[in-house]
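Structures follow.
Two complexes come next, and they have one chain in common, chain A, joined by chain B in the first and chain C in the second.
== the complex of A and B ==
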């Protein structure tokens, strides 16, 4: 069932077009992540859903009801901010209870609902403490509890983990995901961190310069990015881009160093699209270091990560790509890279779009 | 030759002991990364090498010459800060030339031109020389800041989190550039960061600092495989190492939580273990889908390149790194096996790693 619908949502600040024509459906119980670099329009979109910004154009529906003209308080949403914004003089219990008391809900009912939320979040033993006595992770949970207690239609979260250090972030990420599995609340979550998006999202909405670049499951955006932006932005490091010139069917592709690589399936694809100037997109883990591969290069540097090594390999003057290797020994010098073609993407260099089979 | 040596360096700010007995050698032409959390004393160490701070005790040597009391400008070090400050009213060319135009050096304009152009070529910013800083991207500004450090041909580069203001994507790219640059220059790099991935991937060696005390100095592999203590084991590696209690009984060790008996004769070559130890297991050293005992999948995080599984075994939740092609669903019961030969043992009181001299 559809919970949130955005129709041609646009926002302009003066002459700056922050969000352009965003159309999207979020389903009941879904965890959708808006992902993109700073300034891409993700937070503005979220603020429009919350009612904190007025769209220049377009409509917003929550639970089937048009809410575009409604103030935030009448949208039945809960917004969890980057800074938890807890009341310092109140205990965790009072902080969580606050939205209900403000609505004039009877005491006994408030107590029951706070207890219930605290149990789900594992906060029962901390309810008597004030924010200053809590760890940052627990403060985050109290902020979440305050959002949950109202039983909103939708949770909106704006980089809620960005105030935590790396280790806590990793833990909270896992807990949030686990929590979502348990309560199945419809959630729209904004982040610039692609790892957060990959790990938590049912679907990722990748944004750049105010427009939606791709909507898909983490696997889809990772393995089949629609364009060069998504391919580069998702993954750490991002997808490698190798310029190729398509020479014709059965003639292969020419690399920058003049070598020819052959792959029937990709040749067919380039043929169908009638594209000559291509970019081969291949992730570091789908290249392998050997001596009898297809792409020649020389190792520039090794980046050890403990459980694997990441190599920087120069395949043409100034063209450096990254290759992952699970072996413990370090390689150096000239290498020949094997390509796992089934995981390769082919892009049109001019438009930056991935060539798809469905086309033509 | 341009090695940097710190010997028994102590530094105190009021009541805070910032550095305690730091003895460290950065070898000639080495890329050494000083890694630690906020407040560990990393920046203080760097400032002492540069001469911006004087140690309370101990000595600093550059190239074998004792530097205590010598002014920063006479140490032949270049300092690259986190917030690279370029002069906004000057072009890239003039920003690069600026250090050479100081009356101190009296460098001829001809020579300045030669050096600026050389540096610009190495950093691939020749096409930017006529522009002002506000017309540059973050990465380009960072290169100019590096270039300004390079024009004086310093022997030692001191870098304080120079990549931390760049976005994640750019940081990944600059990592490779910085590492190649250092190799090409053959210069000594002393680099500070709080990011363990940056430390592992950049450093020839990594020095881990915590609460003003040096914890370990080693190659990235050494620090990862043989952490000197619990702090290093937890700080380096992502996701964090699993730590469990273990109780040695004769030739066997009982791993509490997992209810697993480990045959010490196969995995332990050191002397007698204390009655209680902490046992460290890296997430990739637990194999799912094989073994006699099982756990329940609590969470699956598919990060694209890696998949991280949390496996619940009784009261314990283990972090497990699984191959990317593996498919597990929450709630599944799956067998698991701990690679016992990869276990790390720590003293529960001193938190030092037991065994192996490394």
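== the complex of A and C ==
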């Protein structure tokens, strides 16, 4: 069932268009992550859903109800802030109880529900402390508790883990995932960290410059990016881009160094789209180092990463691509790269869009 | 080492410089008449409460000895000071806090110009507007009224209060209110439940400054009041009997006059020391 719907949502700050025409549906119980570089409009979109920012255009529906003109208090949502925003003059207990007091819930009931939330989060022994006396991980838990206690329609989280150090972040990631499994609450989560997005999301919404680039499962955005931005932004390092010129069916593609590569299926694809200038997108782990591959190059550097080596290979003057190899031996000098074609994407260089079969 | 000693000496000198006049006044208020004028000054003397007693009309027969005619006017005027300074401080801090909140949180058209205009009201020496104020106040019937001085002091302190409070409120991250808004409160409730408790140290500091300014004000109190609404400063200055200036009673009046500000500052010193809110929002 649909829980949140955004229709042509746009936000302008003066002349700056922060969010442009975002249309999206989030389903009941789903964990959706907005992912993108800073300034891509993901936080602004989240704040508009919360009612903290007024959309310039477009509509927001929560649980089937149009909430666009409503103040945050009447949307029945919970927001977890990047900096926790715990009230410093209140104890952890009072912080968690604060949303319930707004609803005029009897004190005994408030105590029971706060205790219940504290138990789920493992905060029972910290309830009497003020935020300044808590570690940042515990502050984060109190902030989550304050969000959970009112049983909202939707959880909105704005980079909730970015204030934690690497180790705590990992723990809290697992904790968040566990909580989501447990309470099955619809969650919209904003982050610029793709590992967070990949590990927690049911669906990822990749944003850039105020627009949605792609919506899909972590697997989809990783393996079948819609465009060059997504291909490059997702993955570390991102997808390799190799410019190709399509010469015609049965004639293959010409690389920058003049070599010809042949692949019938991709030729068919380029043919259908009628595109001459293409870009081949291939992730580092889908290239292999050998002697009889399709793409010639020479190794310029190696980064050993423990269980694998990450090579930088120059395949044309100034054109360096990255190749992953799991073998123990270190390669150097001239090599020939094999391509796992079934994992390759072909992009139209002009539009930056991936060529798809169904649109051919 | 040398620097340490020099520093200590400088601190002692500064303390002497600032505290000696206060000691002098307090000591004088307890001295017998001849000791007040003794040269070299006496640091040990037999104390007396006579100046305080006459100041508050408890032993009027003693007052006659110093040439005082009729009753001491100090008690009602001291009360005037408390009412006028207190109410004007409360008003300027309240209005200042609300305006500062608006300036800090909302996009106000011409915000910078407005803020500068507010500040500019402090650039004119008050003496310059003394006569215009007198004329306006006479026309409005505000001469020698409590409300007249309250309005005046409130106006003078408001610019200060707005600017100081804006600084404090700017430092309170807006996420707190946003959290409260999401938690189900209106902006007004969010202001009172979340912003105000954190602005207390700022409010205390602002209130101390406004109170001192209103409490000490002499010039306008002198020209705009005569009997009913006259405050303590001009009336202390006018304590004299038929046999000259009654220094003992003046000193007693000044000592009593010092107390409320000292007490108030002590009461709010917990809030003056900031740090209540630090380390809670991660930046």
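Before moving on, here are some points about what is shown:
In the analysis below, the second predicted complex is superposed on the first by the 348 of 360 C-alpha atoms of A that agree within 3 Å, B and C clash if a C-alpha of one lies under 4 Å from a C-alpha of the other, contacts with A are read in each partner's own complex, and residues count from 1 in each chain.
Everything that follows uses one rule, which is that a residue touches a chain if its C-beta (ideal position, glycine included) is under 8 Å from a C-beta of that chain, and two chains touch if they have at least 3 such contacts.
Predicted, not measured: the structure shown is a model, and the values here were computed from it.
With the C-alpha superposition on chain A as described, chain C and chain B fit side by side in the combined arrangement.
One of chain B and chain C touches more residues of chain A, and that partner is B.
Using the contact criterion defined above for the overlaid structures, shared-chain residue A:351 touches neither chain B nor chain C, since it reaches no partner. Applying the stated contact rule after C-alpha superposition, one finds that A:131 touches chain C and leaves chain B untouched. In the superposition on chain A, contact is made by A:300 with chain B only, not with chain C. By the touch criterion defined above, A:178 lies against chain B but remains apart from chain C after alignment on the C-alpha atoms of chain A. Contact with chain C, but none with chain B, is seen for A:89 once the two complexes are overlaid on the shared chain.
With chain A as the common frame, chain A serves as the apex of an angle whose CA-centre rays point to chain B and chain C; its value is 80 degrees, to a multiple of 10. When the shared chain is aligned, no partner comes close enough to touch A:23: not chain B, not chain C.
By the touch criterion defined above, A:283 lies against chain B but remains apart from chain C after alignment on the C-alpha atoms of chain A. Of the two partner chains, chain B is the only one that A:310 touches; chain C does not reach it. Once both structures are overlaid on their shared chain A, chain B and chain C have a minimum Cα-Cα separation of 16 Å. Listed in rising order, the residues of chain B touching chain A in the complex are 37, 124, 167-169, 172-173, 175-176, 179-180, 183, 195, 197, 200-202, 219-221, 224-225, 234, 236-240, 282, 284, 298-299, 301-305, 308, 310, 321, 324, 330.
Those residues of chain A that touch chain C in the complex are listed here as 50-52, 71-73, 77-79, 81, 83-89, 98-99, 102-103, 131-132, 136, 139, 146, 150, 163. Chain contact summary for the complex, chain C toward chain A: residues 173, 175-176, 178-186, 189, 194, 197-198, 276-283.
Per the touch definition, chain A reaches chain B in the complex via residues 37-38, 165-167, 170, 173-174, 177-178, 181, 192-195, 198-199, 218-219, 222, 232-238, 283-285, 300-301, 303-307, 310, 312, 318, 320, 322, 324, 328.
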